[in-house]
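One structure is given here, and the rest of the page talks about it.
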Amino acid sequence: MKENLYNYILGIADNSLILGQRLGELTGHGPSLETDIACTNISLDLFGQVRSYFQYAAKIAGDDRTEDDIAMLRKEREYKNVLLVEQPNTNFAYTMARQFLFDVYHLAFLAELQKSTDLTLSAIANKCIKEVSYHERFSSDWIRRLGDGTEESKAKMQEAIDGLWTYTDELFHQTETDKAMVTEGIGVDVTKLKDTYYTRVSAVLDESTLETPESKWFQKGGKEGIHTEHLGYLLTELQYMQRTYPNMEW
Amino acid sequence: MSEEQIKNLEEQFEARIARDEKIEPKDWMPEKYRKTHIRQMSQHAHSEIVGMLPEGNWITRAPSLRRKVALLAKVQDEAGHGLYLYSACETLGVSRDELYEQLHSGKAKYSSIFNYPTITWADMGAVGWLVDGAAIINQVPLCNTSYGPYARAMVRVCKEESFHQRQGFEIMMKLANGTPVQKDMAQDALNRWWWPSLMMLGPTDAESIHTEQSMKWKLKRKSNDDLRQQFIDQTVPQAELIGLAIPDPDLKWNEERQSYDFGEINWDEFWQVVKGHGPCNKERMKARVGAWEEGEWVRDAAMAYAEKKQARNKT
Amino acid sequence: MKENLYNYILGIADNSLILGQRLGELTGHGPSLETDIACTNISLDLFGQVRSYFQYAAKIAGDDRTEDDIAMLRKEREYKNVLLVEQPNTNFAYTMARQFLFDVYHLAFLAELQKSTDLTLSAIANKCIKEVSYHERFSSDWIRRLGDGTEESKAKMQEAIDGLWTYTDELFHQTETDKAMVTEGIGVDVTKLKDTYYTRVSAVLDESTLETPESKWFQKGGKEGIHTEHLGYLLTELQYMQRTYPNMEW
Amino acid sequence: MSEEQIKNLEEQFEARIARDEKIEPKDWMPEKYRKTHIRQMSQHAHSEIVGMLPEGNWITRAPSLRRKVALLAKVQDEAGHGLYLYSACETLGVSRDELYEQLHSGKAKYSSIFNYPTITWADMGAVGWLVDGAAIINQVPLCNTSYGPYARAMVRVCKEESFHQRQGFEIMMKLANGTPVQKDMAQDALNRWWWPSLMMLGPTDAESIHTEQSMKWKLKRKSNDDLRQQFIDQTVPQAELIGLAIPDPDLKWNEERQSYDFGEINWDEFWQVVKGHGPCNKERMKARVGAWEEGEWVRDAAMAYAEKKQARNKT
């Protein structure tokens, strides 16, 4: 089994998995029918992506692991998503800020992953990028609306951006697996995405009359499976059925 | 307009409907027609929106990625149905905000079935199979109803609903053919959802109001009891096919009627739930009102932003 | 195995289990240090009771089931607690109202259970009743404080009482198991506790300048394992470790 | 009072302390003594209260009833410690509300260790074993500190803490002797908590302020580095006993010093966390401030009720 490639795929897919799960919590509870539909749709896209990645990972694993085993039967320390995507839906400003701060990265990442020498990954990236560019349009529109909306919404959005900023740097943190995959021409060198990312994010914040935070203190750990306390609770729900009724088909 | 003129218009209007012509938003229509349609369509829209909650309840806990994706898509479709139906109401001059207000204040009703809790994964199967199944039986005739926007919305809704119904049945089939614990789960869900699904088709004809007028306007084409019989006759063989037992000791094939006889429905329970005292009425309203109130600042911001943008574009 | 007795014990203990779990969610988040300590303490008492009951149940079962298996490895439909105790910690008024509405019942129930011909059950009841009379004093004090406190607290407490009232009648609903146990002189005839219960509750509400709700619509189902949607989420946390790491010792 | 009188009082005061007499609330004391004690005792109280959060995080998920009961009892004890310590502060004329205000505004500190997340069950073991272990080493000498109420509080606190520490060690032992996955979980927790626990004993002596004065007042009896060495020397054999590896490649027994040499501590991380940028600083403050603000109406009601009751009793 290609251990590095397997882990690399999980590192990518876990972001979509956990973010999709977070968005799924909101279905039926959005501030309007249109946003409800949009958030559900983004969740749907993300889980679709997760399936493509994990089906590929299962093939690489080459044992009897299925996409569902990979998604739902790992221990809390084995999830590789960045801390950003596991942050809770504190309010709609947080949900949109989290989405935006991830989407800008995700879009840039997929643009590079399309060039992967691994043809399956490049094909998945090619399929996903269309969806993600819609996500990014949606979330950046909401940054603008809330940033340049009312005083209340501006304050809430600024608070959300400030609160989540500490999790942005991790997106560009390279693991050993990442490095190995970059060397093989399979993986994306995320360190190279950083400048463009912050430029793009700042541009949208500017337009939205929001401040780009100046803090240089960042959190990391998700890529090594050291998560915030929020993830554990998310996993209790994500894994509930698979854990409670093991080895069954649904 | 003189009374005679109005009478004249009314006669022409009824004649159009009798000829199966569609009434469109800009056409003249009797006030009662308008009101009745707003009531029925908005009730239907509210049911879609409230109906997202019992299913939304299992999104984070769906047992497989495939099922999670399907469930998300289904709940999203329901939101979409809500959207068309509220739009159809808007063609009759009532805003979505007004309709929400009616829902949140308890003035407007929604389908009582959504006041039952979804407590196991099998409920996702039972809801799709039985609840969407009963809904389709209610709704298919409405594809030919007299009011154009409603009829067109229903065509789309019914197409998606029957997909959902098959999907629900497939969940049940998988469980029924699964391990003993899965089969038990399926049977238990059927036990809990069967009677409320029968109630979904409305009170017995004796108790039902509005029916005659609605028949004329093609807002209703069969009586509640006929629809219920149709639902039972359609569903019982499906249950047999997957080896589940309908929880009705009085259920029996009637050779003469070529239809199933069935046991007595607990109408006390039906009215308790309709009157707001079902297992989840309060929770459902709390969720809807909560989402609406918590979302107010978001909607205000979106409005303020749109206004600013427009102002900027003008200068 | 004495099936009825086993189920009867579970019916009693599940109330303490689920209420204890709900209170456990609040530890560290109470409105004051003193209430935090008290609620944690009540949770502690309840879990202590649960252990006594389930250890006895495990003995009756006579197979390799342990107290933890009974507490944490049942399906959602197999928990027999009343709906009242699974209701969420909406705010401190709800938490105290839930506690009070249960404590008054619990105290009356244990007073009768002390007379059980089953000596283990009567001994457990004897031990628990001291704790529960403290619980009832604590919660009824808070009904008074919040009911006769400020306008805001009165409104909140009235809302909580009104909201939870619908779950009170179930306390006096007899299952088939209950009936069998009453016949054998083991179980408590809960139907006989009803009048005293409502008298006592009304008296405290009166003193607290609160209205006793008049609604005659009630919910039930918990005793037959048909719960509100809240229980499922509570179970994902309660069961997480036992489900994720089966057959281990802790 | 003349300067000379004050000097006189100060000398008598220092002499009393030197004779190991206890200072009591009503005794005269220098303002600096009062302030220093308020700072240290309240910091300690805050640490107990904030320290409830990382452990409270596992109450609902504890793996067995026995462990759940023990964890509840432990967290309850911490709240109790908070209570004694705030009371001890109150003897120096500062109210609990003022102290909370200092905590919530970020003016007052609490032990940085509680800004690390508890992400597996094994963290309940590691926190008890290592964090309470380090706390005891810090606190035992305080049982003989000069300020009476503080000294007495610490006697009780230390007794309970050492019970907690044994309980934590027992959790780790059980895991370390359990299945491979449990052993991994224990090792992982040790890996994550080891270094922060060493940091808990404070910056190296070179960086440490207030020490000399604190020594004199018996608020501190050993240097941070000495305490750290004591902690390491005590803990390493415990890890060995249960077969876990201390995550420090430089750790080595020094025959000559009869003590362990150890690797370099990442003081950058220490200062980052102290300055408010640790993994959970924001979450911890959000939880505390949130509980306080959400609880305001409850506290107001309790106050209003007490006043009404008093008024009634008068008439």
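Each chain carries a letter (A, B, C and D) given by its place in the written order, and its residues are counted from 1.
Quick note on the criterion: contacts are C-beta pairs under 8 Å (C-beta built on N, C-alpha and C of every residue); 3 or more make two chains touch, one makes a residue touch a chain.
Predicted model only: the values in this text are computed from it and were never measured.
Colleague: Which chain pair is joined by more contacting C-beta pairs, C-D or A-D?
Modeller: The greater number of contacts lies at C-D.
Colleague: Provide the C-alpha centroid distance between chain B and chain D, rounded to the nearest whole angstrom.
Modeller: Roughly 58 Å, centre to centre.
Colleague: Taking each chain's centre as the mean position of its Cα atoms, how many Å separate chain C from chain D?
Modeller: Computed from C-alpha means, the inter-chain centre distance equals 35 Å.
Colleague: Report the inter-chain centroid distance for chain A and chain C in whole angstrom, where each centroid is the mean of the CA atoms.
Modeller: Taking the mean C-alpha position of each chain, the two centres sit 41 Å apart.
Colleague: Could you tell me which residues belong to chain B and also touch two or more other chains?
Modeller: Counting only residues that touch two or more other chains, chain B contributes 61, 181.
Colleague: Which chain A residues reach two or more other chains?
Modeller: 75, 236-237, 240
Colleague: If you go through all the chains, which pairs of them touch?
Modeller: Every touching chain pair, ordered by label, is A-B, A-C, A-D, B-C, C-D.
Colleague: Using the touch definition from the top, list the residues of chain A that touch chain D in their complex.
Modeller: 75-77, 163, 166, 215, 217, 219, 221, 226-229, 231-232, 236
Colleague: Considering the complex alone, what residue numbers of chain A touch chain B?
Modeller: Touch list, chain A to chain B: 21, 24-25, 27-37, 40-41, 43-44, 47-48, 50-51, 54, 67-68, 71, 91-92, 144-146, 148-150, 152-153, 156, 234, 237-238, 240-242, 245, 248-250.
Colleague: Give the list of chain A residues in touch with chain C in this complex.
Modeller: Going by the criterion above, the answer is residues 75, 233, 235-237, 239-240, 243-244.
Colleague: Provide the residue numbers of chain D that touch chain A in the complex, in ascending order.
Modeller: Contact set of chain D toward chain A: 54, 57, 61, 117-120, 181, 188, 192, 272, 275, 277, 279-280, 282-283.
Colleague: Would you mind writing out the residues of chain D in touch with chain C in their complex?
Modeller: Interface residues on the chain D side: 49, 52-53, 56, 59-69, 72-73, 75-76, 79-80, 82-83, 86, 96, 121, 171, 174-175, 178-179, 181-182, 287, 290-292, 294-305, 308.
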